[in-house]
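The structures considered in this document are given below.
Both complexes below contain chain A, partnered by chain B and then by chain C.
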Partner chain A sequence: MSASTNTKPLLLLAPSALVVMAPFVASLVILAAYSVDYGPNGVGPDLTIWRNFLSDGYSWSVIATSLRLAASVTLITLLVAYPTACAILRIRNPLLSAIAYVILFSPLLMSVVVRSYGWLLLLADRGFVNSLLAASPFGLGPYRLIYNETGVVIALVHILLPFAVLPIIGALLQIPPIYREAAADLGAGPAAIVWKVTFPLSLPGVIVAAEIVFALAVSAFVTPSVLGGGRVLVLSRLVYENIGNVQWGLAAVQALILLAIAVGALLILERFNRSTFAKRAG
Partner chain B sequence: MQPDVVLSRVEKSFAGDAVVRGVDLAIRRGEFFSLLGPSGCGKTTTLRMIAGLEAPTGGSISIRGVDMAGVPIERRPTNLVFQKLALFPHLDVFDNIAFGLKLRKTPAPEIRRRVAEMLDTRSVASLSGGQQQRVAIARAVVNEPAVLLLDEPLGALDLKLQTHLQEELRQIQRALEMTFVYVTHNQAEAMAMSDRIGVMNAGRLEQVGAPADLYLRPATRFVASFIGQTNLIDGRIDAIEDGKLRIEAGGLRFVADAHAGATVGAPATVSLRPEQIRLTKARDDGSDALVIADATFMGASVNYRLQGRGLTLP
Partner chain C sequence: MTAAGESRIGVALLRAGLLCVLVFMAAPIVIVVVNSFNASPFNIWPPTGLTTSWYAKALASPQFQRGMVNSVIAGVLSTALVLVLGTPAAYALARFHFRGASAVRAILMGPLVVPRVAIGFALFVLFIASRSGLYGSMTGIVLGHAVLMLPFVTTVLAANLGEIDPALEEAARDLGASPVGAFLRVVLPQMRSGLIIAGLFAFITSFDEVETTIFLTKPAVNTLPIEMYLYLDQYQDPTIAALSALLIGVSFLLLGVGLAATGRGSLRLLLGGRAS
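This part shows the complex of A and B:
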């Protein structure tokens, strides 16, 4: 490939790269600067804030909560999203299909604050869900569904579902029906077709879905705050509180760790994605 | 011997559009049978109905004496080699070929042995092209189906490779004594491989017969023109004598074997294969003569265009 054809795409990328990357890099630099801010004696920069944060057991419990929350939200969202995507694709009637998409996107039509308070009402000790469980023939509950991780997970899965369903639908649509026909011809029943052909071929879409959902879940702020009622402490929450307390250095450290977690998860999932693709090529 | 595949009055229409119209066919066990016809004639649809990918809208299909109505594709004793091959992109060659065996819970050592057999007997590595076709065929053959269905799997290959794989397919078929049903629009391909050919046109089966039968005794005008080169001359039956027809067509006189139902005065079409025309020196009086208007050198042969009496023969 000649140099001129090589530079053209780069030139085309330049404006978007500038818009996206410049503020990102600049803010990273500023964050990094804050995190190694001059010490109380005016000497520095040093790593005191980093050292203090990372040696504190409390910090690690918050990081663990953030990770656990994001991971369980990602897993549950994928488990709900995959059958949802399959079901939506099976709808033949165009009107019903359109209605399904509207319902799918309905969580995004509402402000995150309103939606979170809505879930608070639904999941409260004497809320709709617990009343329903109590009125059921099994007479279940009441369960504690708010001000703990359960409520946060439920509400996050709700909002993040469309972000997972769409990439999976895209991946499923890209699978030519001929592969399913070939599998059936070779003796695969409906379940075997899904498990041995459709699902593996849709994995790239599932991985993209996991990346998006994890990144959004680990940095979610409003939902953990409202439904956690201050009892579910995640990194984003700490960042917010420390900015309020003018602990900017600490907030910067926490923000960078949050970013590192998101990037780390992305890299792991991408690696997984590439290995499935490598298998495809071979 | 009992036929392997029997189609009786099979019909298929898509949204009221008849694609296959009343096909009756019996394919013998261990035979290499080709369905030949132009694109859109319903041959692929017929094959897909045998495979179970489409349900006939009328008539019935039975394989080895069992009516296939209601038997889902995965439980039919057939395997299909797809036109686009449909090799699973997420699996390697071994797992593609082993796909059907694994589904039938074949023990792992046996799977290894049978897949290896498929790979070893055909030198996959030595060929520059056509490997995908080989894997697709192996993936189907390894399951040892009663009937192997092939939907123009060689269409994408160049002529040389096509010929090579045709020979190989024929060898596989003879070695396994498996019934093959091969769909193609390429008459040379069908002629080269088949024991018998069914020629389809516009959803109907026009004629079934051995390649030589179809070529030398085409039953319809379509078959005559679709298979090989020919000259079709319209005329009518002048007389029937001693089992022979005397036909007058285009000012020329022909003699042909009589068939049942032929009547004097009925319209007839004469199919005259180019190689059946003998060029001779012109008679002195110039009667009955067609003259060479043009000649094209083709390498092994020369194509002449003949003219005379209002006729032009390529």
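This part shows the complex of A and C:
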């Protein structure tokens, strides 16, 4: 009995395991091998590439840029996404609600290249935003908004916002309205209800949002390239450049560091998630 | 209803904030469409004049034509592959409790955690090291896209299967249907909305993919977003805006088809897919 219950699911999983998961796992193993100079022409295993990369100040400045970008994008995106999710759930009119959902989520259907190009147009020196600022009564600008981190952050917040709003909406929908009513009956004001009831209960959704946004922001490639104009150097950009320079071992090290940052951030946020759950249970 | 403790100022602020966010979300898309008619080759705002010549230029470009064909081929093949592989995998995860299920789930979800650039470079190294000839081939690109999409497709399909009552399938079995027959004739028709959503998302992801694809491609198999990215690296004239505007039109067409085909279930499935 237990044999048959185990073989059936394994048979069902076998096709995807063989065609997709096996190459995926194998590719990561080979990546690790290349990083210790174990490639076809390598002499490894040795840690020279790792040592050289990690002892170079330039590498650390690129890592710092990647982390700084991802952290600020995550923070800004969450600060915008949370009230957006609250506001969109409150729309009573079905037509307005549908319009808001379409405007918010339809950018997901469009290529990141298209969206980054749109921001390039908006933020250019003689683009829409600067012409608007110049025409304003204060005659501001022009400001340099592209080919620096400002433009990259703005465009990434735009691209990642839908990914953050979705899990927060999911978490807010799971809170029974009766909790808020009970808090109101017990004399809590509107601010107290949001801060002491709604927000803590929606925290798991916020953490999922942070996980998704940080992971996508730290590994973004197109947006930093298009809006950074080669002047905003991030890890993903280095990986791409080093494959052209046939520095595959170095590219492997950089790809693995990128992976380590993504996994590390995920583990930290998951731990935070569990500790908030534990606090609530205790 | 406002009795549940809400100040009027708070509500007004929330509405104004949402309006700002919606303007922010729409702005780059609107500007791309407007700029596609801008006569200025340097995208100067406000437009120096109106023209449709960028559309003619975009449609006549051999790179973009070839990219379009390659993107459709890659999108259709990888979507088909990932649905065929993902359906049995999702069934296994949704209907069976078995030893190692959590390990399988972890590997299955792996590509969501690994940055796409790392997946792209890792597959590039694998394709080169295995001397398989997959580097720079359509097969290699389809495989790469399948790696990226499988986690999402199995999650959506498993959530979909979770909503389907297993009793119906058991009834079909009791009435003499084979396991495969019961699945094909009872379960599969009920998976319609899940398959449509998973399929649409797989196709769109494949159609938009740059960060993994750029490591696997050679000029002959370049997909459209790759060609657009490489074009943007050198020129920024409104040709790319015209092409983008056309793609935006297609996206909205797909969105309309998707919503019409699945109705109200689509958002719930997406939410379920993300939450689990």
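Assume the second predicted complex is superposed on the first by the 252 of 282 C-alpha atoms of A that agree within 3 Å, B and C clash if a C-alpha of one lies under 4 Å from a C-alpha of the other, contacts with A are read in each partner's own complex, and residues count from 1 in each chain.
Heads up, the rule we're going with is that a residue touches a chain if its C-beta (ideal position, glycine included) is under 8 Å from a C-beta of that chain, and two chains touch if they have at least 3 such contacts.
Quick caveat, the model's predicted, so the values are computed rather than measured.
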item	value
Clash or fit (per the criteria above) of chain B with chain C on chain A	fit
Touched partner set for A:9, first chain B, second chain C, both or neither	second
Partner chain(s) touched by A:188 [first = chain B, second = chain C, both, neither]	both
Chain B versus chain C as contact partner of A:179, first or second or both or neither	first
Comparison of chain B and chain C by chain A residues contacted	C
Touched partner set for A:249, first chain B, second chain C, both or neither	neither
Which of chain B and chain C A:83 touches, first, second, both or neither	second
Partner chain(s) touched by A:109 [first = chain B, second = chain C, both, neither]	second
Partner chain in contact with A:228 - chain B first, chain C second, else both or neither	neither
Chain B versus chain C as contact partner of A:200, first or second or both or neither	first
Angle at chain A between chain B and chain C, C-alpha centres, nearest 10 degrees	90
Per-pair minimum CA distance [chain C against chain B, superposed on A] in Å	6
Chain B/chain C common contact set on chain A	181, 183-184, 188-189
Contact set on chain A toward chain B in their complex	176, 178-179, 181-189, 192, 196-197, 200-201, 203, 276, 279-280, 282
Touch list for chain B against partner chain A, complex	51-53, 72-75, 78-80, 82, 84, 86, 88-90, 92, 99-100, 103-104, 139-140, 143
Touching residues on chain A, where the partner in the complex is chain C	5-6, 8-10, 12-13, 15-17, 19-21, 23-28, 30-31, 34, 39-40, 80, 83-84, 86-88, 90, 100-104, 106-115, 117-122, 124, 126-128, 130-131, 155, 158, 161, 166-167, 169-171, 173, 177, 180-181, 183-184, 188-191, 193, 208, 215, 218-222, 225-226, 235-236, 239-240, 243, 248, 251-252, 255-256, 258-259, 262-263, 266
Chain A partner contacts - residues on chain C that touch it in the complex	3-7, 10-11, 14-15, 17-18, 21-22, 24-29, 31-32, 35, 42-46, 81-82, 84-86, 88-89, 91-93, 95-99, 101, 104, 107-108, 110-119, 121-126, 129, 143, 146-147, 150, 154, 204, 207-208, 210-211, 214-215, 225, 228-229, 232-233, 236, 240-241, 244, 247-248, 251-252, 254-255, 267, 270-271, 274-275
